[in-house]
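Look for subunit A in each of the two complexes below; its partner is subunit B in the first and subunit C in the second.
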Partner chain A sequence: MNRFALAFRLPIIVWQGLFFLGPLFFMIAMSFFLVKNYRMEEAFELKNWARMLTRGYVWDSYWYTLGMASLTTAAAAMLAFPAAWVLAFRVSEGVRRWAIFLLIIPFFTSYLVRTFSWYVILAESGVINAGLGAAALGPYTMLNTPFGTVVGYLTLTLPLVVILQTVSLANIDQNLVQAARNLGCPPARALFAVTLPLAKTGLIVAALFCFILSFGDFVAPYYLGGSKPPTLPILIVDTTKSGQQWPRAAVVAVMMMTTLFAIAATAIWLAYRKRVSA
Partner chain B sequence: MSARITTALLLSWLLAVFIFIFAPIVASVVFSFNSDRFPTIPLGSFTTRWYDMIFADVEIGEAARNSILVSLSTSVIATMLGFATAYTDYRYRFPLKGPYLALILLPPTIPLIIMALAMLAWLSWIGASGQLWSIIVAHSVLTAPFAMAIIRLRLNQIDPNLEAAAWNLGSTEWKALRSVIMPFCRPAIVSAACLTAAISFDEFAVAWFVSGLNKTVPVIILEIVQGNIDPQVNAIGSLVFLTSISLVVIAQVFFISRVGRA
Partner chain C sequence: MFLAASHISGLHTTTNRQEVAILNEQVNQTRRKVLAATGAAALSAPFVGRAWASTIEINMLAWYGHGEPDIVGAFEEANNVKFKPKYYAGGDNMLALIAQSPPGTYDVILSDGEFVQQLNAAGYIEPLDPNDYPFDDMLHDDFMKFPGHWDGDILFSMMVRFGHLGVSYNTTAISAEEAMSYKCFWKPEVKGKVGHFDWHLPSLGMMSLYNGNGAKLWDLDDAAWEAVRERTMSLRPQVGGFFDYGGTFNSLKNGEMLAMCGIGDWITGVLEKDGAPLASVIPKEGGIQWTESYCLGKGSSKADIVKTFIQYMLSPEGQVKSAQMAAYPGNCITKGGRAALVATDRAEAERTNQVDGNPMDPITLIKDGRIHYRNIPVNQTLEDWNDFWSEYKNA
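The block that comes next holds the complex of A and B.
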């Protein structure tokens, strides 16, 4: 291999080796380190693991985080689908391109500021309750509830889910759907028997991204959900920021990565599995 | 007739989804000009007080300088890494190419909070945390895949014979790269630079963990939000939004207009 080829191939290997793989493997190793007198020492002990895995609050957080992320994924998929369907099949190409451009905008607004906006909108004396009050309703408590957390998660994930669903639906060969309809298939059945299976891969990838983003977010469950109970990302923040217990935070992080890896592998297997003919 | 009603229902659903997505963005811009400390309906009077406050704030000014420095450096490093990898993927076949590409493409699939902890632990272990360039290093890992994807898409459209023709006419590989590949990729390179800068400009989790005392704007926002209700956040947010969206529009203009046509 000549010098030219190496000059283009090597940089990313060195850079990601040092600053991507390095940190990840170090974090896994760190989960076995010990903390003595507020200093971290290299070791290979299972103490952090034993401590974290036997604490009830860790498992409470674990199942709560898993449940909320799954709930959000289901909600986002169902909320986004009708919107994506319209964008894919009922509007012109120009409108679709504009809609996708608009949906990209939220990624470049501060997620923190959007969360703060929701905080003010959802508060006891906030915009929604003031509006409902005018209609002699409420006030409803929406902050510091699981509802608040889901609103925050959806703020983060819904634009992406709509984009991915729209793109995967728009790529379907419409002739296949039309053929089913011409052969007398009712619209609902055509949706479930033709459209959904054809768009399957994209829809699952959209759901997977939604799950990863919600599962790893500490902002929504903290500011809108009131950290009751804390999610795993909040545990990482608290454990890292308040003291030197980085190894325990690393245990939580490795638990999260293992879970995500299992879920991603399952999702990808489902997404690319060939359909067994009925 | 019923098909038309269904379509109307679905269009209103689409509208509702857009309202949900844009409500917090519009609200923060509106609140940033609203005199009430805790905005509700009816709105208070128009004011630019929150903007005056942030422009007078020394700490925020410092953070803005840090943010600009970080996002510019990040975009240069990430775009160079992205270009090198995209070109390698376009031109060469070699064993282990799958893992090689995974190396650059995987970071966005790992939750930022995990990257934040891992970066903090690793960088402080090798004695490199708490500096501005710690954030730059971390951000270029996170943004390089986006640069790579954009430039790779552009390279899909080039005629491979062009570069080969340059070699046949006696040009060196470096010269062919500079006078054939680079000009062709320029719009994608500009897009990639803008996009990576915009992502870095907004990123708060990793920046918060590794920055130490060198805060960037999103880190300041995080700290203000932790305190209490402060409409300055809306004013900062609106300015950040203006900056990022200008970068994105520039990126789109370059990318869609040129790449779309080619």
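The block that comes next holds the complex of A and C.
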């Protein structure tokens, strides 16, 4: 690496070192600290780990969070794909640009505000139940349920997943799809044998972002899920709120980071894995 | 690991009439009257040369609302100061914010009553001069030497307002008679519609009261603690969610929750004034008092103006502003404050029963022994309670 290349990379290396690796190592170290009289004291004790890993509610939260993030990822990928496919292959360049611009607009407003706006729609006296009521259905409880949590997660992630899938699909060389079709490949098979493998990297990265954002989100499970049951981010907040137990919260955070590292590494490996020819 | 809770409860016992009498003697009557008028003077006296003086910034650490214009606006204008509030939610959150900040960061700290002793033990607050405050004007003797606010004869925090927690309910779903017992939370008609304010202390305290622990609601032996946990778990099928202030507010307002455990008029009062069919009552098993008190931050260089501000908040004007606070109402603690509230906002005084002779007068409820000051667990740690709370939320 020459000096110029290093100089260009230096800012991001310094940034990541200062604001990601540094805090990460501190958080890991903090998980071994102790709290006395509401004050954290430096130590190297395994008590926090032993306590948190033997608590049933920690594992309940862990599996619930993992399950909800996985469900949201699957739902987002499937809901986004038809829209992304249409935007990539069935509309003009101009329409696609406008669509992507419109998909970016939700990010102009605070995620918390967008989440609270669902109250008007999902409440038992809200828009959906009013519509269902006109058809003599409901009311159905949607707020403070896992369904509400997923709605919140999708509010955060779905526009991003559509954008990433659209960009990924739009970059496919259409000649390859046409060649498959010309050689007699049915549309469904062309989709699974040509389009999806070619867009694989982008689709997996989109899903990965969706998982990461959902797994670490506090807002949706708290405000739309009613913290019932709590996810790991809520558990972290609960743990810090009572008794200043930042070290125990750090244990939960390390559990989350480890899970995210494992899933991200697997996803990246799948995304860039070369297909082995028969 | 934590401060011995028994020490705190011990301070309850030191609150007796003899000490109050001694305290009263310490307070100079003439001086007191002058000081009681300081709040009004702080607002009415034009600040000479204010136009040339630079504005003093007062860093405040408080629950949401205390640094907003409806509370501090007039004081800021009259004294050429500007409050820079940092808001927290819960005593632990407050302690965390102070612990992470260098001494002198916060000039004035609004603390929940039960956390003052922790603030003092950790050396986060400075002593106050009792002669600066109108102790002889208190509505109740306990307010003169509130538990944990004094260390011997040294005052560390000045109580400014309080409120009561009990049964908060939607009047279309629960009748006033039903609301007179925590039993109404188990009513089949509100299954899935009972919410919790997401803090273990008030909710578990209420379960303890429902179990008949009365004044010993925080002082639970193993058997009583187990019984409280069982009682709480039996409520879980009824629970529709766990909420912070915003979530509690919204879920009650839009009818998603029809009853709320762990709160009181400090939330429903805001909605009730807005016309929502909500109310809060102290049930027959008793209620819990939240208490808010001002402290002078350690290392603050603005002790004089902080003293003036606390005096202002204890003046009739300040007490009325506190009672009418937009974020959440709090009861007056001084006779002068109550009289001013009745004179200027009779409707709010009546809504909150702050009228002499009203059987639900919050002061009467305290005197009748139906109210218990919020405390931390005596025989368990906060972690034990929090652990159970997490289990409960996951159940």
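A few notes on this one:
Keep in mind that, in the parts below, the second predicted complex is superposed on the first by the 255 of 278 C-alpha atoms of A that agree within 3 Å, B and C clash if a C-alpha of one lies under 4 Å from a C-alpha of the other, contacts with A are read in each partner's own complex, and residues count from 1 in each chain.
Rule of thumb we're sticking to: contacts are C-beta pairs under 8 Å (C-beta built on N, C-alpha and C of every residue); 3 or more make two chains touch, one makes a residue touch a chain.
These figures come from a predicted structure and were not determined experimentally.
Of the two partner chains, subunit C is the only one that A:Lys36 touches; subunit B does not reach it.
In the superposition on chain A, A:Pro146 makes contact with neither subunit B nor subunit C.
When the shared chain is aligned, subunit C comes close enough to touch A:Asp60, but subunit B does not.
Judged by the touch definition given at the top, the superposed model places A:Phe116 against both subunit B and subunit C.
Touching more residues of subunit A than its counterpart among subunit B and subunit C is B.
Once the two complexes are overlaid on the shared chain, A:Gly138 sits clear of subunit B and of subunit C alike.
Residue contacts after overlaying the shared chain place A:Tyr223 against subunit B and subunit C alike. Within the superposed three-chain model, A:Glu124 lies in touch with subunit C and out of touch with subunit B [touch as defined at top].
Of the two partner chains placed by the overlay, only subunit C lies in contact with A:Gln244; subunit B stays clear of it.
Looking at subunit A, you'll find residues 116, 119, 123, 125-126, 223, 240, 246 touch subunit B in one structure and subunit C in the other.
Within the complex formed with subunit C, the subunit A residues making contact are 35-40, 55-58, 60-61, 64, 116, 119, 123-126, 141, 143-144, 222-223, 225-230, 235, 238-246. Contact residues on subunit A toward subunit B in their complex (touch as defined above): 2, 4-5, 7-9, 11-13, 15-17, 19-24, 26-27, 30, 79-80, 82-83, 85-87, 90, 101-121, 123, 125-127, 130-131, 134, 154-155, 158-159, 162, 212-213, 215-218, 223, 233, 236-237, 240, 246, 249-250, 253, 256-257, 260, 264. Listing the residues of subunit B that touch subunit A in their complex gives 7, 10-11, 13-14, 17-18, 20-25, 27-28, 31, 38-41, 80-81, 84-85, 87-88, 92, 94, 100, 103-104, 106-107, 109-115, 117-123, 125, 137-138, 140-141, 144, 173-174, 198-199, 202, 204-205, 209, 218, 221-222, 225, 229, 233-234, 236-237, 240-241, 244-245, 247-248, 252. Residues 1-3, 90, 92-93, 95-96, 99, 118, 121-122, 192, 195, 198-200, 239-244, 246-247, 250-251, 254-256, 381-383, 385-387, 389-391, 393-395 of subunit C are the ones that touch subunit A when the two sit in their complex.
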